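Presented sequentially are two complexes of chain A, the first with chain B as partner and the second with chain C.
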Partner chain A sequence: MAVSVDEAVSTGPARDHTPPARRLGSRGRSVLEVALLTVLAVVMLFPVLWMIETSIKENRDVYAIPAKFFDFKVTLDHYKDVFVDPGGGRSALSVSFLNSVVVAGVSTVLATVLGVPAAWAYSRFAVKAKKDQLFFILSTRFMPPVVVVIPIFLMYRQVGLIDNKLGLILIYAAFNVPFTIWMMKGFVDEVPAEYEDAAMLDGYTRLQAFRRFTLPLLVPGIAATAVFALIFSWNEFVFATFLTSSDDVRTAPPAIAGLIGGTTTDWGLVAAASVVFALPVLVFAYLVRKHLIAGVTLGAVRR
Partner chain B sequence: MSDSVPLTTDRPGQVASATPPAPGRSRRLSDRGLAVAFISPALLLLLAMSVFPLLWALYLSFTDYSATRGGPANFVWFGNYTAILTSAQVHTRALTTLIYVVGAVGLQTVLGFGIAYLISRRTHGRGVLTTLFLVPMMLSPVVVGLFWRFMLDAQFGVVNSMLGSLGLGQVEWLTRQRTALLSLIVVDTWQWTPFIMLIALAGLTAVPKYLYEAASIDRASEWFKFRTITLPLVWPLLLIAVMFRAIEAFRLFDLVYILTNGGPGVSTETLSFHIYKVAFLGFNTGTASAYGILMVLVVIVLTQLYLRYLNKLKEG
Partner chain C sequence: MGTVAVQGLCKSFGKVQALDGVTLDVPDGSFFVVLGPSGAGKTTTLRAIAGLEKLDAGSVHLDGRDATGDTPAARDLAMVFQNYALYPRHTVYENIASPLRARRCSSSEIAAAVEQMSNLLHIERLLQRRPAQLSGGEMQRVALARALVRRPRAFLMDEPLTNLDLKLRVEMRTELTRIHRSLGATFVYVTNDQIEALSMADQVAVLKEGTVQQVGTPTEVYERPANKWVAGFVGSPPISLLACRAEGDRLVGAEGWTLPRPRWTTAEDGRALLLGLRAEDLSVEQRGDASLSGELYGLEPLGDRTVVDVRVGTEILKVKARPTVTGTPGERLRVTVDLDRAHLFDAGTGLSLSEAGR
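This part shows the complex of A and B:
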């Protein structure tokens, strides 16, 4: 929309006129484009800035009408409330953050340990109906979580995995394995198979060749893939909210969502908890920014 | 992907021909064993956690089982399916989901491509701009939903506050039927425009510069260049992003749950959210399973289209 309007306005005269007029037109256009980009950037970033601002405002200023943009008192009380219980000791939120670290961490390790060898095998060997298998694997990732959670709930109830960290770890690993395989297959494809062949001519077995020559080259790819799996598990909400209930097991997303349950909501606390929750994700995402396209498309699109 | 497949599969054979035949054959055999040993653990996990639950849901969908009532499940065969497909409630939810998917994905595509186009024309600060624009995409839907709920609050929300200072009236964003669905679309657009932008930008930066230079020599207009060079070359990649987003939007649940909880009334209930209500508030597990299976069928069709197209693009 914005593009076509911009085009229609500025190219009309430029097409028919002499070069000087054209240059002037293009400069005006350039200014317009920068202005448009700035406006869009402000709109996109404002909610994030507003969240950070709310998290350091005193409660009085959080609910001020009209909203206070600059002249508010800075306080770190909300951040203290995220970690410390008003009655002393650790807060329920901080426990949920720890749970999130454990669940996301272990499920990522599991998905990596299962996914990386599978990706290597799919890349290197002639597997029967390879394409179909790979498509099947990726389509399991597209299943609607709300649908999957119904039978999973019944299944977990049978084996006692409801409200259990292991239950969450298993389901997150299952959701991250398809991603890991697709993402890692791209990385393995980039390592020439000749390295392994040469090693095998030197007398190494296939497995040794993989471990000693290919695997070290894959480490950056594995790190990037694991970071994405970590982010997916960390942000996940549906399974977490339906499969866990007690404070000792619950991960951060349902715990933060639980803050708005009652009649009044402490929005300062919600904002502070959200900032604490989102910060590691942003840092990690920045670290893997080179692989962002492959990461967010589940390894399907590569550049 | 596909062009490397013949390469890698031929390789062991070629190597084997260079070495004595006996070890070659045994190595090939062990290759197969290795492939099975490396692939099967991952597939087993998927079978246990994805396929088996779906098969169970398929079984339940033919019964009147209820998770709370317990007791034996009686077969009702296609009763659940006919009930769902003829239910006016379900039709309403399907329409809501359709409006939401088309509205949100459409807006994201236009805005995302627009931003990507503007960024691709900058020579300085591209990296910084891209990084800044990508922030919303990385946030959890919980954080996004909660935060927009606060900003769109009718009383002390910052959006109404800004509208007020501009002299405009207050809007009850999340508590009026029409604006609630609109708010949902806006919030989803805010979060996922960066996704389209990221992929469109990849397509735009891959367009060879000499095409534009050649067009400039012919004194082609900017619009002509955009229409005949930029759009056709970026379109295939953009379509992938759009299809991906459409599948994701179709199964949307968490944002609805947090932002509006389906309300007011049922105006923002998507299909996913309705399944949740049938299963976890109505406790009609059998009906919810049938509902879910129908949704899975739609997702499978969409995914197949998406993967076929992806594959065609990679081969082409």
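This part shows the complex of A and C:
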């Protein structure tokens, strides 16, 4: 699957690959650069490291003053608590993780299935007032979620979508479709329409031509777009907080937030839950990183 | 069977009028060339025939049946695209096989047809490569193979030879003419290369800015151009056009020269005219009554001949001469004119006035 867009859409003869010119030789780094990079790395990574540390410390060590950096006893109890209820059975947190997987996954698939053909249509066909339509589609994203959450809440209450996974799936898909259309239109524009023209003359219908000849070239773009959509749905907090309340519907972000507050906060559990929450997106992005980079840098590909 | 007839094609892209009433009649089995400069609307015409372009007006008839609204697949045509449009993810083999796959041929049929095509176009060794691994000329031949692998109603070819080197181009020209004869199929062939047009065509349509200037056999287009633009576009070196008018039995040039009035002109006295003289109808070596005096402006040796630029007043005449001709710029000389082969155009409309009386 190691196909970059560059090679996927190129029609010309193979080009020579010059290494990026801005790469600095390792010997070329000055002391100042190394120092600045170190500071940056510490600032960026410290919260993450601290979260991971906290998640494997015993509660005693979590609250220790002065803070213990290295000499603490490692425990995986917090991780066990994330998944297993103290009274036995599955914990509420693990249910919320499952909900997150379902909601983010289904809404991303929905947005992709609706958005990719729409982007193709906007790219290929003469649509009346195309620019205005595209602007309208984009404008739905101008509004921050907090602004629309109250009207959505009222509407959802009317149709019984409050505290319902389907409700979250729909709203996330609705938010991701415009994004998918915009991002995918750029990718479709990059694929010459002539492939479809040639396929139609070969005897395929327009849809077959799209499916067989254009769609495979869009895979990197679809992967990149889907990752962004997935990250949005996975991390979304405002709608999830307002539109869900019960433990079997709630997604992970509000569930983790719910651990904080009350009389005492089990920081070890919060940290462990956060690590578990962060992992899937990291792993997923890592798996599709080739497509991601190809997708995000596509604008630089000349035709 | 394979007649293609288009009637009054109009197509605009925003402000650009790409086609402005194009009407063409391609007889069954003919090699029909659409010739025109870049931007003339040649590609748009082919795409309209293929059903890839939504027309503003006009109709397309295939085999006498109105096909204006038909899908490209239903029209049963094959096309070589100007930029090949080879499928980048498919091997050369799969590219060539695609039209047969779309029509659900058996894989043994496909293998046989692809092999035949690859032999014909000398691409046997490329079958397992992908388009990105081919040179421009190789891609062009693969694109040709993909079109020729099937027996459609007609073949549409958009400048299929432009990217080949000269030797291969000449070879492919002969090859295509041969293929055309042996298939007996209808070819609509687009090019901006007049040599291709003149050497391969049964019929040529000359296109300029979305309008058809002239349709005829290569000889007709070359010998009897319908207007000064066709005369200037077809032929190399280009025809020389001199401003003049008829006065009694003489042609008087704006630059002061006079020539006997050709017997065949019907133009009335005093009308502003353009005298069109092709390089091969002029000579700096022969003697004759009809001649113009000028000075040598430059020499363009082309191997088999030399083109002599002669300045007559402010106008330049291109004269074909033997490769051995010599001279120094500024030297006075006389150019003999074969008036029987000259062309006259109305200076205002540009239309030919030579038709009558020849």
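Here is the rule we go by: the second predicted complex is superposed on the first by the 257 of 303 C-alpha atoms of A that agree within 3 Å, B and C clash if a C-alpha of one lies under 4 Å from a C-alpha of the other, contacts with A are read in each partner's own complex, and residues count from 1 in each chain.
Following the convention adopted for this analysis, contacts are C-beta pairs under 8 Å (C-beta built on N, C-alpha and C of every residue); 3 or more make two chains touch, one makes a residue touch a chain.
Just so you know, these numbers come straight off a predicted model, no measurement behind them.
A.B. asks: Quick one: classify A:Phe72 as touching chain B (first), chain C (second), both or neither.
C.D. replies: neither
A.B. asks: Where does A:Leu292 make contact in the superposed view: on chain B (first), on chain C (second), on both, or on neither?
C.D. replies: In the superposition, A:Leu292 touches chain B alone.
A.B. asks: Looking at A:Leu217 after the superposition, I want to know if it touches chain B, chain C, both of them or none. Which is it: first, second, both, neither?
C.D. replies: Only chain C is touched by A:Leu217; chain B is not.
A.B. asks: State whether A:Met200 touches chain B only (first), chain C only (second), both chains, or neither.
C.D. replies: After superposition on chain A, A:Met200 lies in contact with both partners, chain B and chain C.
A.B. asks: According to the stated criteria, A:Leu282 is in contact with first (chain B), second (chain C), both, or neither; which is it?
C.D. replies: The first partner, chain B, only.
A.B. asks: Regarding the shared-chain residue A:Phe83, is it in contact with chain B (first), chain C (second), both, or neither?
C.D. replies: neither
A.B. asks: With both structures placed on chain A, which of the two partners, chain B or chain C, ends up touching more residues of chain A?
C.D. replies: For chain A, the partner with the higher number of touched residues is B.
A.B. asks: Can you pull the chain A residues that chain B and chain C both touch?
C.D. replies: Residues common to the chain A contacts of chain C and of chain B are 7-8, 10-11, 14, 126, 194, 197, 200-201, 205-206, listed in rising order.
A.B. asks: Which bits of chain A are touching chain B when the two form their complex?
C.D. replies: On the chain A side, the touching residues are 1-3, 7-8, 10-11, 14-15, 33-34, 36-37, 40-41, 44-45, 47-48, 50-51, 54, 62-67, 114-115, 117-118, 120-127, 130-131, 133, 135, 137-140, 142-148, 150-155, 170-171, 173-174, 177-178, 181, 185-186, 189, 193-194, 197, 200-201, 205-207, 231, 234-235, 237-238, 241-242, 253-254, 256-257, 259-260, 267, 270-271, 274, 277-278, 281-282, 285-286, 289, 292-293, 296-297, 300-301, 303.
A.B. asks: Which bits of chain B are touching chain A when the two form their complex?
C.D. replies: 1-2, 4-5, 7-9, 11-12, 15, 18-19, 27, 30-32, 34-35, 38-39, 41-43, 45-46, 48-54, 56-57, 60, 67, 110-111, 113-115, 117-119, 121-122, 129, 131-143, 145-151, 155-156, 158, 161-162, 164-165, 190, 193-195, 198-199, 202, 206, 221-223, 226, 237, 240-241, 244, 247, 250-251, 253-254, 257-258, 272-273, 275-276, 279-280, 285, 288-289, 292-293, 295-296, 299-300, 302-304, 307, 310-311
A.B. asks: Please name which positions on chain C make contact with chain A in the complex.
C.D. replies: Counting only chain C, the residues touching chain A are 47, 50-52, 54, 71-73, 77-79, 81, 83-89, 98-99, 101-103, 131-136, 139, 146.
A.B. asks: Can you name the residues of chain A that touch chain C in the complex?
C.D. replies: The contact residues of chain A facing chain C are 7-14, 126, 192, 194-195, 197-206, 208, 213, 216-217.
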